[in-house]
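Look for chain A in each of the two complexes below; its partner is chain B in the first and chain C in the second.
After this line comes the complex of A and B, so read on.
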């Protein structure tokens, strides 16, 4: 089955119209992908993640999809005044996109000479820094890519609006594959907020998104990055984010995976210059038979960098989650401060969590810590709420929600918090009324305080 | 980092057990095939079933590949260049009592601080001394027999208590468990066998002392401890080897069976020769240790690891019965070019099972020290609980400390907590001590001792003192 998938994906790669700019990369990718072995249960990085569901289908290229109200709704984040780039089934939707008007944003196919030079120089450059954190799906992305988004924020420039890049999927006759590629280059002192968003409407069927985002944060630059995976249940998503941090730069991120048939998300942060800092939080909430797999790797390559990573997960029904958080301190990276925390809630007997916080340290003057916990909702807490007349169900929702609300509240963009809260609340409440009721109560409470 | 330079200076390498005993030995020519397995079995006069058992393991081993997932690098041993059996000649005609044992052998143990004469021995510790492939002497056997406790070399137990050996051998670590366990099952030479009958509290500490002496040999001992219902035993294990330029292989298997309500406490002070300052020589220590705990049983592993060039060791607990308890306390110190990949596995099968893991890793010089652990909560492990703490201390900027904890949970009411920190002996700490008139050397020693306190307090008293000293010697020159 694995070989079949490989051959078929290669055939697909050969069939797409290539961009002259990307032919070398495509060829490299094809070669690497053809040679790579499909991961099995014995492959350490895929130990807990079965790809059977992915390999079971044959994927074609999607037909061009029109837009509908649901898609428009899916592409809209209320209250976020964002410039948008919306792809539907892998094709740019002109109707829903307005970000191309910005001089910082372009597509690979529309790049001018200067931008083409930049793409040639930087594309794939962050990925190649990964020391063992890259995998064959990155090669596949290289093989398949024939379009992508280039964001180039110039020296000391600030993107006035957040930039939202949405990859949406909708109805298609057959299972299809989408290759998403983003290259974000931030020059010295640049500042931006980017929302990377994967979603689908109700009609979406089996589809496989292979996403690869490379980010270069220049000296003194600052990036606020959201990576929201809100795809529907049958989706298969394998995505990687690779980041290169310059001197005194900052990468703040929030990664969310609601869960789908398979969601695999890799995050690799390379601290390449001193004084850089990354602050990453993440939430995963798979339900039913979903699988979420987060692999993060913080590479501290130089001295005087700091990193802080907080991931929380709630597993319901028969869902399964994998979290692998690696901190790698290279011999030169003295005076590093690195922390990682991973907390998990298991709600049912058939849910499963496999977590592995790893430390690999080759420098002595560092402070590193990681912690991981797995538990269920605190009985005393539930009892406390119930003793005050709150039903068991409601108490459970309140406590589950409280578990991740802390991370949501800390997000700098309120619009994102507001987008996610009802979605997440519904996950715990199941009954939408209950969730909304709780949210309303809370809103009323806040209003009351303000008054 | 002036303090580090001081530390560096102080970590010397004073391996006091590095002498060679000049004694004639019967050593089998190097090489390994079915005939060698048969030879070892015949030499021990083993029954047919055990010979077959060994051969089965050997056949399985031939198909297995040496594992390479551990965070260690070393030239793979050439298994055909090793000798699989070596015994002092004087042991050939089985001495009946200690008086008949070669005085040279006794002197060896004397020198190592393990007196085998009962009148001179520490009261309350019975010792089984294993020299290369054979057991030299076992003290206090009669006294233990009075209590019904069986404590003897496993090669003798095969003859005297075949039913027990047959029942439990390989029941915890099957022949094909892993590469080294399979090798051990095929060629194991000697080791200790302990059986504590129902409801008996073993009247004294039991102890085995392993010594490698011959060059170009491997030591493959096998220890089997069975604690029957409601019994209690505390067992100590120590090991040393001469200083040699070549690497020697030590692949042991330890199996513990704790029946209902039984308690086994297993302590190890591992001080195999770690190699010299350039990383030349030293023992490859590839050990499989595992325990099964039945209902309400308790198994506690305590280890102080200071020796060996390469360590690959994961004492584990299968918490099979409800309410069973597993504990793992470890101090692993690596210096110079030593490499250690060690940790534990706690597999929670029963309800309300509990486990505690305290691991302290200290790396100095150019060494690499990794903790690798697994905590697994199976779907039936209702109310199971685990607490893991693994701390690493780095001394010097050329060493590494790594943590690879695997946490797998399939039960919502199971609670798993894992914490890990890595730090160095900070200038602030040193400053505080020095300001109070404590010199750098003492200060570091104090800090390291404090760092390990939680584990040392689990060791039997004599061992705790020993372990503290061992740590000091091993660290000499690295800590300032």
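After this line comes the complex of A and C, so read on.
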């Protein structure tokens, strides 16, 4: 099955129209992917992540899809005054997109000479910094990529609006593959908020999204990044985010995987120059038979950098999650301060979490703190709620919600918090009356500042 | 109101309550004092139905209903309220959401209409003011980062919103400075009502200067060993508990 997948994906790569700009990369990708071995249960980085559901189908190129009301709704984040680029089944939706009017944003296929030069120089340059954290699906992305988004924020420029890039999927006659590619280059002193969003409508569909985002945050630049995976339950998603941090730069991020049939998300941060800081929070909430696998890797390559990573997960039903948090402190990276926390709640006996902090420390003057916990809901909190007349089931919903909401409330963009709160409330309180109290204040418009 | 008869209870197989008897009529305030480890907090936990507290013998009847078989939430809906010695922090859940869920559950049980969000917010703000908590505490996480005094005032606010018939104050005075103690006591006194009863569990006579009890009981070694009027508290303050520990001379 694995060989078939490989052969068939290579055939697909050969069949797509290529951009001249990307031919070299495509060829490299094809070669690497053809040579790569498909992961098995014995491959350490995929040990707990079965790809059976991915390998069960043949994926072709999707037909051009129109938009519909559900997609329009999915592409809308209320209260976020964003410039948008929206793709439906991999094709740009002109109807839903307005961000190409910005001089900082273009598609690979529309890049001018200067932008093409930048793409040639930077595309794949962050991925290749990874030391073993890259995998064959990145090669596959290189093989297949024939379009992508370039965001180039110039020196001391500040993007006035958040930029939202949505990759949405809808029904298609046959199972299909989408290759998503984003290159974000922030020059010295640049400042931006970027929302990278994966979603789908509710029509039956079988698809596989292979996403790869490379981000260069220049000296003194600052990025607020959201990566939200809100795809429907049957979707397959393998995505990687690779980041290059310049001197005194800041990468602040929130990564969410609600869960799909398979979500594998890799996040690699390269601290390449001193004084850089990354602040990452993340949430995963698989349910039913879903699988979410987060692999994060913080490469502290130089001295005087700091990183703080907080991930929380709740697994319900028979869902399964993997969290692998690697911190690699190189010999010269003295005075590093690295923190990692991963807390998990299991709501049923058949849910599963495999969490592993992985610390490799080769410098002697560093502070590195990590903690991983797996627990059930806090008995004291449950009793407290019940002693106030709240039913056991509603108390469980409230406690689960609070565990995640704590991270949502800390997000700097309230529109994102407000987007996600109802989705989470409904995920925990599947019967409406159980989620009622978590949402009614919002419904009445007295949440937040008005409360 | 509540009738506790021959109550025996274990915690982790250790017997803590050993035949406790207590009768409380409507509108009465009963103080329970006693040395550390006597079972004072166990009593509150047993009455409110906490897991891990196993009743092995005896009965507790609240307004004619046996509550020992009830879940904690059912007891709360029947009008029992425990003000916690250590209120629990629940980050990520706003105080307002929590309070609304609680009041809705109790009102529904009593056959009263649910308050809408706006009505409720108004009511909650009034109660905040009554306990001298800024209204901004409503949107913070439940007890999250509250000082000791703020937590106790939050307990009191919940009590005011739920209007229970039996209030159990478990060492509500612990961790309070004099000013906070007065605020809490004033709140409790404002809630005294011919239909509402109180069990005030405390180590110190000081609280009883502010919340004046009708009866004072000494709980030692799992049972009530002496009962009296409010003057008993003063006597205890002076003499300590030692002279009572071995006596077995009376239940209320």
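Please note the rule applied: the second predicted complex is superposed on the first by the 434 of 451 C-alpha atoms of A that agree within 3 Å, B and C clash if a C-alpha of one lies under 4 Å from a C-alpha of the other, contacts with A are read in each partner's own complex, and residues count from 1 in each chain.
Just so we're on the same page, a contact is a pair of C-beta atoms (placed from the backbone, for glycine too) under 8 Å apart; a residue touches a chain by one contact, two chains touch by 3 or more.
Because the structure is a prediction, the values reported are computed rather than measured.
Overlaying the two complexes via chain A leaves chain B and chain C side by side, clear of any clash. Of the two partner chains, neither chain B nor chain C is touched by A:206. Contacts of A:404 after superposition: chain C is touched, whereas chain B is not reached. Residue contacts after overlaying the shared chain place A:177 against neither chain B nor chain C.
Once the two complexes are laid over each other on the shared chain, residue contacts for A:381 go to chain C alone; chain B is not touched.
Applying the stated contact rule after C-alpha superposition, one finds that A:221 touches neither chain B nor chain C. Using the contact criterion defined above for the overlaid structures, shared-chain residue A:390 touches chain C, although it does not reach chain B.
In the superposition on chain A, contact of A:352 is made with chain B only, not with chain C.
Of the two partner chains, chain B is the only one that A:360 touches; chain C does not reach it.
Of the two partner chains, neither chain B nor chain C is touched by A:159.
This overlay, made by fitting chain A, leaves chain B and chain C with a least C-alpha separation of 14 Å. When both complexes are aligned on chain A by C-alpha atoms, no chain A residue touches chain B in the first and chain C in the second. Those residues of chain C whose C-beta lies close enough to touch chain A in the complex are 48-51, 71-73, 75-77, 81-82, 84, 87-88, 90-94, 96-98, 100-102, 104-106, 109, 116-118, 121, 138-139, 141-142, 158, 162.
On the side of chain A, the complex with chain C involves touching residues 378-381, 383-392, 394-395, 398-399, 401-409, 437-438, 440-441, 443-444, 446, 448, 451.
Interface residues of chain B, counted against chain A in their complex, comprise 1, 4, 69, 71, 377, 379, 392, 394-424. Within the complex formed with chain B, the residues of chain A that make contact are 44, 48, 331, 334, 344, 346-376.
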